[in-house]
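Labels A, B, C and D are assigned to the chains in the order they are written; within every chain, residues are numbered from 1.
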Amino acid sequence: MTSGIKKIVSVRNAHFGSKQFTIIAGPCSIESSEQFSQALQGVQTAGAHLMRGGIWKLRTSSDSFQGLGKEAFQFLREKLKNSDLGLVSEITDPRQIEATEDFLDIYQVGSRNMHNYALLQELGKTKKPILLKRGFAAHVDEWLKAADYIIKAGNENVILCERGIRTFETSTRNTLDLNSVVYVKSVSNYPVIVDPSHAVGIRALIPALAKASAAAGADGLIIEVHPNPEEALSDKEQALSIGEFTTLMNELKTLLPVLGRTL
Amino acid sequence: MTSGIKKIVSVRNAHFGSKQFTIIAGPCSIESSEQFSQALQGVQTAGAHLMRGGIWKLRTSSDSFQGLGKEAFQFLREKLKNSDLGLVSEITDPRQIEATEDFLDIYQVGSRNMHNYALLQELGKTKKPILLKRGFAAHVDEWLKAADYIIKAGNENVILCERGIRTFETSTRNTLDLNSVVYVKSVSNYPVIVDPSHAVGIRALIPALAKASAAAGADGLIIEVHPNPEEALSDKEQALSIGEFTTLMNELKTLLPVLGRTL
Amino acid sequence: MTSGIKKIVSVRNAHFGSKQFTIIAGPCSIESSEQFSQALQGVQTAGAHLMRGGIWKLRTSSDSFQGLGKEAFQFLREKLKNSDLGLVSEITDPRQIEATEDFLDIYQVGSRNMHNYALLQELGKTKKPILLKRGFAAHVDEWLKAADYIIKAGNENVILCERGIRTFETSTRNTLDLNSVVYVKSVSNYPVIVDPSHAVGIRALIPALAKASAAAGADGLIIEVHPNPEEALSDKEQALSIGEFTTLMNELKTLLPVLGRTL
Amino acid sequence: MTSGIKKIVSVRNAHFGSKQFTIIAGPCSIESSEQFSQALQGVQTAGAHLMRGGIWKLRTSSDSFQGLGKEAFQFLREKLKNSDLGLVSEITDPRQIEATEDFLDIYQVGSRNMHNYALLQELGKTKKPILLKRGFAAHVDEWLKAADYIIKAGNENVILCERGIRTFETSTRNTLDLNSVVYVKSVSNYPVIVDPSHAVGIRALIPALAKASAAAGADGLIIEVHPNPEEALSDKEQALSIGEFTTLMNELKTLLPVLGRTL
């Protein structure tokens, strides 16, 4: 795991772990065909490499919006066929893998499922890249061992994602742990990206932490962008508007060359 | 949820939430037919109301023993048929529910699956009692909302189980949170039991915390007991021998009447 | 530190670490001569061994009531002269030690000063018992090493006090860590008492946790009692009334003999 | 506190909160006249604005090196008289303030003393800048209220310093909380700097986190540099050599202009 050669995980125009600082952007939940189209066009124009969007949502309360589920399949297939961007989406049940195989480019494992080893093993049987979020209270060592479950099942295309940990501090949603990014990159070869949206949970603070992640040496970002944040059905406090995201991308374009990277 | 009438969840001779202080005891993992028989006989003689034992184990490392799985089904069916004690065991995948329906008395949801809402919803469609362990970093509110997932799916037989939380402290395996037991009992009607074995992780300290749990008002215990702790394939540092468990049961027999309860 | 002989720390009728379950009770802050008298009489009648009461208060906000300070000295001297109970009070500055020497029986080090080694060393030069609260985020090992500062300065009369730690959980004020009580008693000879008032911060939940502390093997309690909790100038949510405290003491009288202890 | 005008705290060539990214560097402990001279020359040549160095050390164990104390006064006075750099050092007892007034430029409050309000009030009576480290388990709100104690006592020259918080994660010494830096700058006008050395505790990881702090918008760094890290009497795992520090300063010189700042 500590050999000198970094693993690069590629899909379409995205190359996690390369000189590219890879950007996944899009809404927390896919809410409708129109919302998806607007988000897709917005993040593509701003320069994102991949789209994100939740089909099934793990929500603390059973009364909250749980995602469109299968209802979204048809329009996703259509719109993604004509798009340059691939879709990253969370799988919450092994039975969803086959159903989404033809239109998803990366399967995401959410923070609450990092310890769901049955799911990890099923994903390890696929060939697609797996975006493995750190459990919100997982030790770094447990995170790396969760990645082992995927790799031992046969799939080496693992991308790690730090998304904030649960601590005593309550002024922000979670505590972004950039120590873990720097540490994991020093002891393993995985690409590591950061989700500043969940890590801080406050829209105005996201761009500064996105840039901090780049300066720390992260390999990219997954970031929540919504065409109309105020009307988002989930996580609206932490979604950037397309305008705000575009501004951030421009700032990254200036910053990254100094760090030896490009967008 | 805060009405005055406490929910009592019953199965065989166990009545969680009643005056009975209900004891579930047995090994972390079911390792063999012999080990299971010895443990069953030992905990039954000592006065336990139910047996515990893991068939599938969620282990941090994919190299650790993962449980016997289906291999154990046949001898479990045979031995439980002739026993007064029912079996409590963890379900880690929705596909295990039907396969174990004829010989399990209580389905357990482990700490790492408390947020696995897909699993909770499947368990909510059954009629059996569900032992819902608190996530090791779950807020009390999230724990109660996880229980809602089961109840809304149609199953009201939920038993909560506090099993220690992850904190900065490392001298013990987790931090037993008896505040949460007392708090949950003040705001909800669920029976709440305690797992002192995982909460502290050090054999010699378990009996004192078991008694503390009773004095705090918990409705029972789930406790690791192994016929030969030194040779246990998992969690050997925290398994009581049958002799140690018998001593604890005798101490509880003296303590509980003062607290208005019985074994 | 791990020899078999437990240290007993005695002052007046209190014997910490003996068969006695030692009770310190009284208000968070000493607010007036009248309030002090009422509290003193109330807790004495209920059977407490020592009185507690803050003279100087460490408050998060500089706008909060900071204690009476020197203004209280005269009436404290008078009232304590005619009382069977001694007073336990927190020292927040080395310069307070000499000024209170003639009327305090135990110097308390508060949670926020556990790491204030300059203060610990000054207290180590006195002969009085020191009640050393655990820092709210201190590892058990750091707590024991803080005690060493006192002992190395010449004072072996150290009583440890667990008062809850800071964790991610917010439904209660802190998280009572009874693991630490059981653990410290297994590796050291210090008497260890519990402060359930700060540990949970919700009046109705304190008695259950006080009993749990006794069952866990703690050597006593320090507990907030106020003649009129609703009008307390600090910590009013967690002060027991004298009636509530008396009820708890009666419950302890029934419980303790079963645990091999007395009040 | 949230008015638009940022507070700038100046001393000698350092201007915290201005466009300058202000660097304080030097050893954890001042160990000898020679070590101090070497460190002073090294960090000055590399471009630091101020020197750091501990005179009295708060150590968890009373057996660890506690600092030179008064023994260092004479050589500090001599060497600082002929230096362009001022000295930042921690005060652990109110009685040290007057004794060091003539040769210290900034008084530092350490993490373990953030809640030592008696000390904060004494420092508030001085005119010198106060570097207020965040308590390792302090909520952001408590940190800001600790600053209020200094300000209300009459001293508005407060510089905040994030130095990592205590969480469940143990792969690094603490968890650097850059969320708090960004949050505090959005709700207050204080300059905020970062101590990456204590925040991560592993030498090789410090430069990446130093750059991340700059990108997040921090106003500077306090960083441990030792002429011979392997022989440091305290914190040797986290001290940069003068060569490593010089390399970091060169990297910052390239990075900062892109962020609108200078060294």
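In this section, a contact is a pair of C-beta atoms (placed from the backbone, for glycine too) under 8 Å apart; a residue touches a chain by one contact, two chains touch by 3 or more.
Just so it is clear, the model here is predicted, and its values are computed rather than measured.
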Chain pair among B-C, C-D or A-D whose interface repeats that of A-B, sharing over half of the contact pairs by residue number: C-D
Rounded Å distance between chain C and chain D, as computed from the means of their C-alpha atoms: 35
Inter-centroid spacing, chain D versus chain B (mean Cα positions, whole Å): 49
Chain B residues counted as touching two or more neighbouring chains: 137, 141, 166-168, 170
Touch-based graph of the chains, sorted into line, ring, star, complete or other: complete
Contact footprint of chain B on chain A as seen in their complex: 58-62, 92-94, 112-113, 115-118, 136-137, 141-142, 145, 148-149, 152, 166
Residue ranges of chain A in contact with chain D within the complex: 137, 139-141, 164-165, 167-172, 174-180, 182-183, 186, 199-200, 202, 204-205, 208-209, 211-217, 254-255, 258-259
Residue numbers on chain D that touch chain B, as the complex places them: 137, 166-168, 170
